[in-house]
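Scrolling down, you'll hit the structures one after another.
There are two complexes below, and they share subunit A, which is joined by subunit B in the first and by subunit C in the second.
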Partner chain A sequence: MNDLLRRYQVTPAGWLTLLFTLISIVIACALSAVLIATTGFSPVDAAKAMYDGSVSGASGWTTTLLYVAPLLLVAVGSCVCVRAGIFNIGQEGQVLIGALGGAYAGLRLAIHGPFLLICVLVFGAVGGGIWAGLSSLMLRFRGVNVVVSTLLMTFLAQQIVAYAVNTSWFLQETPEGSSGIAGSESNPIPVNGRLRTFGQYPDLSVNFGLFLALAAALVIAFLLARTRWGFRLKLIGLNPVTARHAGVRVAALGGMSLAISGAFAGLAGAVLVASPIGSNRLQPGTSINVGWDGLLVALIARNRPGLCVPAAVLFAILRAGGDYLAATGVPSYLADVVKALLVLALVAPSVLVAAIRSRRHAVPTAPTPLTTAVGAPQGVAA
Partner chain B sequence: MNAGEIHGLLGENGAGKSTLMKVLLGLVQRDEGTVLLDGHPVEIATPQDAVAHGLGMVHQHFSLIDGLTVWENVVLGDRGKVDKTRACREVREVAERYGLPIDPTAAVESLSAGERQRVEVIKALRRDPRILILDEPTSVLTQAESVELFSVLRRVVQDEGRAVILISHKLAEIIAATDTISVLRRGEVVFESRTAQTTPQELARRMVGREVSLRSEAAALGMLPVQHTGKEPTATTADVEPVLRLRDLVVEVGGLRVLDGLSLDVAPGEIVGLYGVEGNGQATLGELLSGLVEPTEGSIEISGRQVDTSKAGALHDAGLGVIPEDRHRSGIVLDMSVAENLALKDLDEVSGRWLMSRRLMLRRAQLLADEYNIVTPSPNAPVRSLSGGNQQRLVLARELSREPRALIAAQPTHGLDVGAIEDMYTRLRKVAASGVGVLLVSTELEEVMALAARIAVISSGRIVGVLPIAEATADRLGMLVGGEAA
Partner chain C sequence: MSFTEDTATILSSGVRLTVPLAMAACGEYLAERAGTLNISVEAMMLSSAFASVATASATGSASLGLLAGAVVGLLIGFIHGNLSHRLQINTFVVGLVLNALALGLTSYLITTSTFATHQVPQLSIPGLRSIPIIGAPLFQERWSTYLLLVIIPLTWWLVGRSRWGLELRACGENPQSADISGIKVNVRRRQALLWCGLLAGLGGAHLAVAEVGSFNQNMTAGRGYIVIAAVIFGGWRLGRTMIGCLLFGLSDAMRLALPALGITLNSQFLIAAPYLLALLAMLAFTTQHREPRALAQPFERGST
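Moving on, here comes the complex of A and B:
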């Protein structure tokens, strides 16, 4: 118990980070208010809309919790590969491929009963895993930088999904009505391929995807902290040379961790198709930036699966609130700017504190791979 | 200190030499006290201030960029427009004035360690410093190169009235090259003297703070000559099966044969010293034996059995322990705890099939920390917080905990203070006495002379000669290192 307490003790640097975080959140809110005011809307109304849409009452929470599941899944996957020192920033593409896989299973496998749902989820995870696995292979055999390959694979994934929903033999919807024109989307997946929702409007309703994501976070947190696998992952992340010396197959383990993170993103994609966030159809925009945002969730949670849960909830609140805000007439890009400001406010303080500390103790320390790579996803997201 | 003098700064590692110099260079801010320059207190807040005050430094580890040429490295950090012709001319002028011949257009990566040192010195001198600081300048130089460097320093001091601060832990060097000496211990100047009026014994005593016997400690302090422990190798090594046999090892890196047909045997219970100037393939040999690179040709046998080096961890499993040259790179994980670092090569000991056991890990760490005298606030403390000596003891503890048949100790005392060096020597002797074959890779002549029963000399990736300790003298080894037959 003592040990546990010590681990979560707040250090002076921790307090400093907290203080900076509060200050920067205030600054972010002030900037947002100014921005909204200059575009002719009332900041107070906007804040109220954000609040109403996300955490006030059952319907707000219903929307928020719906968003938590995919965000959390992506973030948890991200924790796995970052632990191994590998930076996957192509979750958006992996989410799309996962959604494609899930939709394909749902629409093309003639399975009755709940087994179809399992197929949808498994196809999604495998799809995302393979997509990220391709980047692993590129690294292993051609030395292609993972950050670059995962990012570029995202654009490829977007094209594939666009092709799928525009090609009649693939996944395009069956033409309906007198016009006989098919849109750029798939048919909705059958009901037995969807995730169940507990609770009915106007009460709070919770989709099963949330439990799936929470379970994933728990399992990964346990695996990383307690198993040999987690220990080795941490080892190759912190010092790959020593890891190799200690007999760890660094390349294989690292590649596997990347594929696993892709699998979680793919699972998130399947959840997007199988839960009532969208229309249960595969669409070019099915991923709704969950991949990018999930990455930010992991960033804010400093890649700790446990901390990903509150971070994912926070992002879900911003999303649900942002949606509601957009519905009141405030342009949706303003909501995005507000969200971005808040992300910066949450991420910047820890970097700032680290900078201050390293300036104070000007002792040269061995460069860790983390310092260079953490910047990368940030830069892309910005 | 005065102009026109070489001032020696002696002290063990951690005595505060480097910190003092960092204060002078504006890298670290002092908490109290003043720095007087020409009698006036000065404020050195940034490295730029230091340059403005006429302080120039040559660091222990070269701060040169390999891919650039000599002149590019020299002008690095200058403000304003880069003028190649002018820079080259300046380099040539400085080089000529001090007798440091160098081609300004040569790429740094093609230079030897001695030549790189020259570039560093030129770089510092071109800025026309009034005070030149050299931090352990000879650690990568051969005897001849060191002598040359000191004669250049002499010229700088006598002809131009500059001052030089020479930081070193090698007594012999300090005594030979300086006019006055200060000894630092735990951040205080404990002794000051004219060089002519002191003795190595006196300095050693001041440095360590107690009487020093003239054996391994003397070696640690860099004093020659070293007296042998009088222990002659009892068994002739020929009739015992070697515990470690390196056969015709070739490693090519980028078309360059870094190891060129290296063969060496180590018998059980024997300490073999592999001596040579840094950069002759020792680092690559270390990586090879750590399983980080694979040999292009040749084989490694442990206890008569050939090891498949393509398999991760095969060498370790076969019973080879390694104290790596750069422990931060391949020995320890700074951000993991002491317990984790002690466990990382032997996960089976602290885990089941899948799950790690914190309890077992901590217990094992406690045992090893006690046995090897690793001073740590707790087994959960990150290794980063340990001193260099304790980090090195941790590596030793881990490597020996699996009872290896052979142990590679690459520069095992690099960066350690005298107490830790002494401890390391005792432990290495004890390990050898228990029947483990020890291969000691070192660039310190005194160290191999003090420990090894046989000394193999490496030059350009091959063994150029093996001498039993009884026949090994500094001169003969020096000639071998220089590529001459002894």
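Moving on, here comes the complex of A and C:
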């Protein structure tokens, strides 16, 4: 019990961080309000619209919870590879490839019954995993910087998806009606390939994807905190050389963690296609920036899968509220501005406190051992 | 249309698409040599494009717009430098957040306001501009295009020949040794980011007030990332980086021109080409150790 208390004891630095965080959140909100006011809208109306659209009633929560699932999946995956000290920045591309894989399975596999849904999800996860796995192969065999390769692969993924939905033999929709013009999207995936939604419109309805994401967060939190695998990843992240000496297969485990992170992003992509967020079709914009945002979710959750849940809910609230903003005339881009400012407000304080403390308790650089110098007076170095 | 006319049209549109890339790439090149893989180039270009159009509209002078763009780029470089090389927040995180912020803020502001169109005047060089095929593309451009003639040699001299550049490269190759020899690593990296911001800002402003004349939502459309790809493709050498920019600019021009010429080629492939080439270049270069060795590694004294 005492151990537990000590673990959650707030240090003076912790209180300072909390204070700074509160101050910076207030600053972020104030800046957003100033922005709204200078463009001729009412900040109060905008705040109310964002509240109405996201958390005020059953329909608001329905939208919010829909967004939570993909964001949380991406964030949880991101926690895995960051734990191993690998920074994957290409989740957006992995989400897209996952969506491509999911849509391909849904449209091209002639399977009846619920097994199709499993195929959609598995294809998505495998697609994202392979896409990220390519980056770990490039790191392993050619030493290519992971950040650079995952970033560049994102743009390749965007073009692959654009190609897929513009090519008739690949995934482009079948032309409808007399015009016979096919748009840049795929056909909707069949109903038995979609995730079920529980609850009806006026009441709160929850998509199955949310449970999937929560389960993933729980499982990963347990695996990272309580298993040998999680401990090894932590070891690699803290010091790969020491890990190597301790007998951990650094390259294999690190590469695997990157692929796993990609697999979660890919699963998020499949969930996007299979849940009612979009139109159940693969489109060039299917990923709706979930990849970039999921990365930021993991960041403000300090890469802890458990904390990713509230962080993902916060981001989902901003998204759902942003969708609703347009009704008041305020452009929904405002939500993006608020989001970026909030991320800065949540990340900067702890770093700021650390910087202040390290300046105060600066470790002096090791003094030159004067005693070894010829003719040095005795006792100076002591 | 004759063949020479077609070539001249594609060339001049290629040159116009190259110039903003080349300006920003000079800055990114310098930042990467100092060890910062700066991904906020996109934010720098986009927000400076917006700032330049807004300033040009407010003051009626496109040249003042260019200046404002450069200043805004500088400001973003300053913010990025202080967050990532003073407070030691992960530089990619800072870059991502800045990119998201710039995209959101400019999209928000452009939908709530309208701006008059102003464009930097053309400067055509008599005599040279009448050379067939390459005359018009190279010698009949907006005057800010010719700033490149100063920027490229200056960047080359700064990095390759000045004491400051030597220290900068030391920070990119081996920050611990640089620190021991009395170079303030994080100060140098912040300075490199300022230079990067200035040039990327100029590039974005040039795109907006010199070539397009107006701002539209997400007008840079990933050009910042193409700049990063160009520096990688160039193997962290200035000359090859510039060749990369020209190549990517021309391929973009080809993509825009192909439908008019009646040739069907995969536009997705042409859009993806810069990134693909950069990836292939990275795969090829790693054996030659072209990459600054401390690229994207933060430096903190006492943490090896």
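The criterion applied here is as follows: the second predicted complex is superposed on the first by the 358 of 382 C-alpha atoms of A that agree within 3 Å, B and C clash if a C-alpha of one lies under 4 Å from a C-alpha of the other, contacts with A are read in each partner's own complex, and residues count from 1 in each chain.
Here is the rule we go by: contacts are C-beta pairs under 8 Å (C-beta built on N, C-alpha and C of every residue); 3 or more make two chains touch, one makes a residue touch a chain.
Keep in mind the model is a prediction, meaning the values are calculated, not measured.
Chemist: Comparing subunit B against subunit C, which has contacts with more of the residues in subunit A?
Modeler: C
Chemist: Mind working out whether A:Ala311 is in touch with subunit B, subunit C, both or neither, as first, second, both or neither?
Modeler: It touches nothing on subunit B or subunit C.
Chemist: One more residue to check, A:Cys81. First (subunit B), second (subunit C), both or neither?
Modeler: In the superposed model, A:Cys81 contacts neither subunit B nor subunit C.
Chemist: Please indicate which partner A:Phe231 is in contact with in the superposed arrangement: first for subunit B, second for subunit C, both, or neither.
Modeler: Only subunit B is touched by A:Phe231; subunit C is not.
Chemist: What is the contact status of A:Leu299 with respect to subunit B (first) and subunit C (second): first, second, both, or neither?
Modeler: Touch partner of A:Leu299: subunit C, not subunit B.
Chemist: Quick check on the superposed pair: does A:Thr242 touch subunit B, subunit C, both, or neither? Answer first, second, both or neither.
Modeler: In the superposition, A:Thr242 touches subunit B alone.
Chemist: Taking the two structures together, which residues of subunit A meet both subunit B and subunit C?
Modeler: 365
Chemist: Please give the residue numbers of subunit B that touch subunit A in the complex, ascending.
Modeler: Residues 22, 27-28, 290-292, 312-314, 316-317, 322, 324, 328-336, 340, 344-345, 347, 351, 354-356, 380, 384 of subunit B touch subunit A in their complex.
Chemist: Write out the stretch or stretches of subunit C touching subunit A in their complex.
Modeler: 37, 39, 83, 86-90, 92-93, 96-98, 100-101, 103-105, 107-109, 111-113, 222, 225, 228-229, 232, 266, 268-269, 271-272, 275-276, 278-279, 282-283, 286-287, 291, 295-296, 301-302
Chemist: Quick one: in the complex, what on subunit A touches subunit B?
Modeler: Contact set of subunit A toward subunit B: 3, 6, 226-232, 234-235, 238-239, 241-250, 362, 365-366, 368.
Chemist: Could you pull out which subunit A residues touch subunit C in their complex?
Modeler: 35, 39-41, 87, 89, 138, 142-145, 147-149, 151-153, 155-156, 159-160, 162-163, 166, 292, 295-296, 299, 331, 333-337, 339-341, 343-344, 347-348, 351-352, 355, 363, 365
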